[in-house]
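Both complexes below contain chain A, partnered by chain B and then by chain C.
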Partner chain A sequence: MSKNKVTGSFRRRFKITSDDRWGWLFIAAALLVFIIFTLYPVFSAVRTSFLKYKPFGSQFIGWKNYTDTFKNALFFKAVKNTLVYTVVVVPLSLLISFSIAIMILPFKKGTQSVFKAIYYLPGIASGVALSVVWLWIYDSSPSGLFNQVLAFFHIPPQNWLSSSKTSMLSLMLMALLSGQGGNIIIYIAAMMGIDNSLFEAAELDGAGFFKKIYYVVFPLCKPTTLFLLVTGVIGSFQVFQNAFMMTGGGPDNSTTMIGLLIYKNAFEYSKFGLACAQAILLAIVISAISLLQFKLMGVDVEY
Partner chain B sequence: MKKTVMFMLLVMLAVFVGAAMAEDTITVMVPPVSGTYLDDIDVWAAEFMEANPDVKIEVIKTSWEDHNGKLQTMAAAGEAPDIAEVSYSSIGSYVELGVGIEIDKYLDAERLADYDQNALDYMSIEGNVYGLPLYITIQAIGGNKEMLEAAGADIASIQANGWSLDEFMEVIKNGTNENTFGFVFANAGVTASDFLNIFGVSAGMTNAFNDELKYTYTSDNMLKLLEAVEAMTKSGYMPNYGVEAGKRMVMCQTGQAMIFGKAMPLFELNFKRNNAALDANDGTAVADSIKADYAFLPVPTMEGMKESCFGSVDGLIALRNHNTTDEHLKNVVAFLDYLCSGDRAAVVDAPLLLEPVCKSGREAYPKYEETGLDEGNVAAAAREISLVVAPPAGVTAEQSANAKLLMDETIVPKFQALLAGEITAQDAFDAIKAAALEVFDESDCVFGAL
Partner chain C sequence: MTGLYSKHLENRKKAVFRNILLTFVLIFLALVTLFPIFYMIMSSFGPAVATSGDTRSIFPKRWTLDSYRAFFNFSPHSLRWIGNSFIVSICTVLGNVVFASMAGYAFAKINFKGSKWLFGLMLVAMMIPYQVTQVPLYILISNKLKMTNTYAAMILPGIVTSYNIFLSKQFFQSIPTPLLESAKLDGCTQMGIFTRIVLPLSKTVLAVMAINTFMSTWNTFFWPFLVTSRDSMFTIQVGLKTFKFANETLFAPMMAGATLSALPMFILFFALQKYFLEGVTVGAVKG
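And then the complex of A and B:
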């Protein structure tokens, strides 16, 4: 008798109504795209990571791709390079975009839009075209743009992309100076959502510009900061295009990032199994760091 | 009535499907190998289809920028085109992937004999032929004739007999002044590998493996080469900063450099076009360029070494895909042979100023040959082609892949650091040796002199 009661309640709870059917129908397209273009490739990558991949007859080789990865010194160098890049670029990027958003906020809507458009412009330009412009800026000859600026201050020309002392710095500078548009727009949206009464209350308490930022803007933008931090770290770990276009990973592998290494293993050496193993390891690292970020920063964040 | 219409439709469908099934479709993927190649190949495909009505040819046209990436991706998915353009150095990766096809099984020995053995060796792995050559490119150095003569270079003698590294150093020293570098070589990024390949032959390293299939880049010759490069970069006769590939010839054309590399015979046409543009004053000349005659020069040879020239072969290979059958491969290889021989080879090679590498191509060559070229350059190019040493027979796909990995992951990066003056020749050599010993057994590497 009681078993029947439970089954009945279960059926009622999970009974598919006509509304449910419509719901499933509406999300079916998105679900299908997700399954085909995200879920299947992930499972396929996991499977491939255990294979010596060949399009006509792959061979199962167990954990070899993973053990080979851990034996490869270049993999660890690439991980180190990616970490250094992430640790420098992501926080600075947040700081720059937060500061610029604060500066844009007091303007009228029209002026705000002009600035937003200016900062977002590099985001809609082709990454390859941008890289070509930056290659010109970083031209190591005395006639290179940056070198001419240095010459103005009587500093000798630098071998920007061809010296391991400056190559990573060059990539970081490029990322910091051309990739803030999206962050700025998100920060401005978050700041515009802060109620004016909070600023008025802070002013009544005698808070100046910096105190208002510290006690009002910063805490209320924390969810946005957390979001940008997590997506920034994920994007930074996956950085590929700049290194590929600007330095090819050199000199002396000083700018070989993990994304570039994976690409080379797959598409230059046809080691798809090894590339998949490295991609899975990268996904695990990114997931762990993201979880850590949520744990440390997300305690008092509500969504 | 309805039944009749239905019957007719079914008949039409059957005819259509039958025709489609009887037709063998061959896909070819090529970049613009020469200026008019992408138009020419349509004509050749039409000619071949006319002679072989049961064959349909589809041409996939790519740009140089995306050709290799696209091909690699298609091959990995089992969807490779039947025929594709490749450089010989990438054949190993397709064989290793299991999509290479031994074309000698599908081509008559008589037809195969049309191709020069030296060029065929480049297209072979472990003695099996995987493709047919279109040309052997020779890569060396070139320069401004007038400046070279002013610096004391006997161009005719150098082109006819080669020169030593000491003679080269003396000339670039004389050619260096406050506005001009004696020598410039594109060395930024991955182009550093060109420096290594082209000057490697001057140190006796014509290939990554010797005839006994031992790895040569661990030999003392490599150290000698690295030391020579170190001396060159520290001499002040060449820029001590990274030079992009696109800038090297411009530096020579604008008088900022006397000799530049890498250079090929066909650059004579660039210099001639620029001179004509300067005469016409129509704004198409290289900015700030000067009128200059081009001299194609051999790479200097180090003491005690046999002169050689770095060569590379580009050609077409047959690849396996989901539609591959024995019958299909016969048609594929027949079309492959058609594209690489006779007038087709001559049409491709003439604008590159390269003589075809097959008998039938050479016979057709005079019809398309560029005229009005500098005789010294033509003779120097012919001499350099004769000095190219093909890779040894028997190199396995695995050896080839390991050599490429070592080149990309260790040798080029260390070479870049050497060019930037961040490590010494000895440091670079030690790193190369250590990395090579992780990949090859000690007994598979050459130590000491080659």
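And then the complex of A and C:
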């Protein structure tokens, strides 16, 4: 009897239902692509990070790629550059998009959409196109656009991108001036979701405009801010294209960030193993930040 | 309009004045934001070769299409770059709309063995930065599969993304299950339910998915740059980068190239603005 019962549940557990068949059929293509182009590369990256990679006959060298990374001054410079870039760009971009969203808020739906579209527009142009344009805006000759603006204030022309004093600043300014549209739209959506009664209650308590922002909008937009903060930090840890297109990491590696360093190790110096080791370190840092986000989200979302 | 702003019921003029002031600030900031694009388009109509002593101004002194001609004359394949971008983008969009929505439906509504941990695995994989996979992927495509300079190399790795599977799953979950169950009782197969009930209900999310995918594929530079070396296979983004590095001094033709590379997106944006803007908030704001 009891034996029968066991095989019964065993059968039920392993019986293939029609839903099983349909399910696997529906995900078959996606699964195949996922295995070949995501899963396999991830495992291969871990393996490669322990190799001195050669197309034929790679050597196993243990943790050497990792220890080499931590002995490399350029790696620390890239980490420092990435952190500086992140610490400046991400909070400022949140502040800018939050303020613009607040300013768009009092208008009617139609006007809001117009402003949303305008601010979003630069975000749809390709990074390559934008970097080409900004390259000329930062042109170091007196006819470069920013230098013309400086000339108006009687300041001599600057070598924006080709001086290690201003190169990082130039990349930051470009990021701040061209990519706020998405954040603004997300903030507006969050602000529109705030219940009016909360503002009325605050008003009864004698709160003015700024107090309402501080005591109502701020806390209620906290999950959104946290989301944008984390995605912003993750995105800025991976920044690659603008530095690659505009400065190539120079001058004197003043704009070499971790994404560009990994690219150069891999595709300029063919140090595949080293590049994989550094990419895995980056992935570990990024997943730590994501986990932190989930933890904060879980504990700290209050209404 | 939210209650954040006082309605100034006692004094309407105050509210009007405040809105005018805000409009001015917003328009000023918008001009700053849009300026690079405006500058790009205007300058692209300037003369192809700047004569010495010329200062660049925002509006060209002489309007001409010379710079576009110069861009197209740079390589015999310039026109083909745009075609290549279209081929790669459209194939990627089709693949994602078909396969990602199928997978998303399976994860949302079909109760099959292994679905939970498989979906979890895909979510985890979404957090892995592309730097991790770029080297092995490059070795796979170029050394093992020998696919360099093919459309397949540019299309296949992105033909179904975990993000799109996640996006469609989130949406399909909102479709009431009893609706699908009753169709099942009427003898509809899962394929029938999917094509006849689920897809017609999901036009918006599919459109958002298609547009997001088109935009990111059209604008992507890095992967096509890695897997193409023959200039007949470049996408427009790779072509523009090559043009830039080859002609460091040609200001207006570079702008013409940049304008060309962005033009299809601008047209699409003005035609389908609603879906673009919707695409930003989908999956971003917690419910």
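In the analysis below, the second predicted complex is superposed on the first by the 250 of 303 C-alpha atoms of A that agree within 3 Å, B and C clash if a C-alpha of one lies under 4 Å from a C-alpha of the other, contacts with A are read in each partner's own complex, and residues count from 1 in each chain.
Here, a residue touches a chain if its C-beta (ideal position, glycine included) is under 8 Å from a C-beta of that chain, and two chains touch if they have at least 3 such contacts.
Quantities reported herein were computed from a predicted structural model and do not represent experimental measurements.
Clashing of chain B with chain C is the outcome of superposition onto chain A. By the document's definition of touching, neither partner reaches A:K211: not chain B, not chain C. Contacts of A:K80 after superposition on the shared chain: neither chain B nor chain C is touched.
Contacts of A:K165 after superposition: chain B is touched, whereas chain C is not reached.
Once chain A of one complex is fitted onto chain A of the other, the partner contacts of A:P157 are limited to chain B, with no touch recorded for chain C. In the superposition on chain A, contact of A:L130 is made with chain C only, not with chain B. Of the two partners chain B and chain C, more residues of chain A are touched by C. Judged by the touch definition given at the top, the superposed model places A:P55 against both chain B and chain C.
Judged by the touch definition given at the top, the superposed model places A:Y120 against chain C, while chain B stays out of reach. Contacts of A:D252 after superposition on the shared chain: chain B is touched, whereas chain C is not. Comparing which residues of chain A touch chain B with which touch chain C, the overlap comprises 55, 135, 266-267, 272. Interface residues of chain B, counted against chain A in their complex, comprise 69, 72-73, 75-78, 93-94, 96-99, 187-190, 192, 239-244, 247, 320, 401, 404-405, 408-409, 412-414, 416-417, 419-420, 422-423.
Taken together, the chain A residues at the contact with chain C in this complex read 16-24, 26-27, 29-31, 33-34, 36-42, 44-45, 48, 55, 100, 102-108, 113, 115-122, 124-130, 132-137, 142-145, 148, 177-178, 180-182, 185-186, 189-194, 196, 198-200, 203, 209, 212-213, 216-217, 223-224, 227, 234, 237-238, 240-241, 245, 259, 262-263, 266-267, 272, 275-276, 278-280, 282-283, 286-287, 290. Residues of chain A touching chain B in their complex: 53-57, 74, 135, 139-141, 157, 159-165, 247-253, 264, 266-270, 272. Listed in rising order, the residues of chain C touching chain A in the complex are 1-6, 18-19, 22, 25-26, 29-30, 32-34, 36-37, 39-40, 43, 54-56, 98-100, 102-103, 105-107, 110-115, 118, 121-122, 125, 127-140, 143, 156-157, 159-160, 162, 165, 189-191, 194, 215, 218-219, 221-222, 226, 237, 240-241, 244, 251, 254-255, 257-259, 261-262, 265-266, 269, 273, 276-277, 280-281, 284-286.
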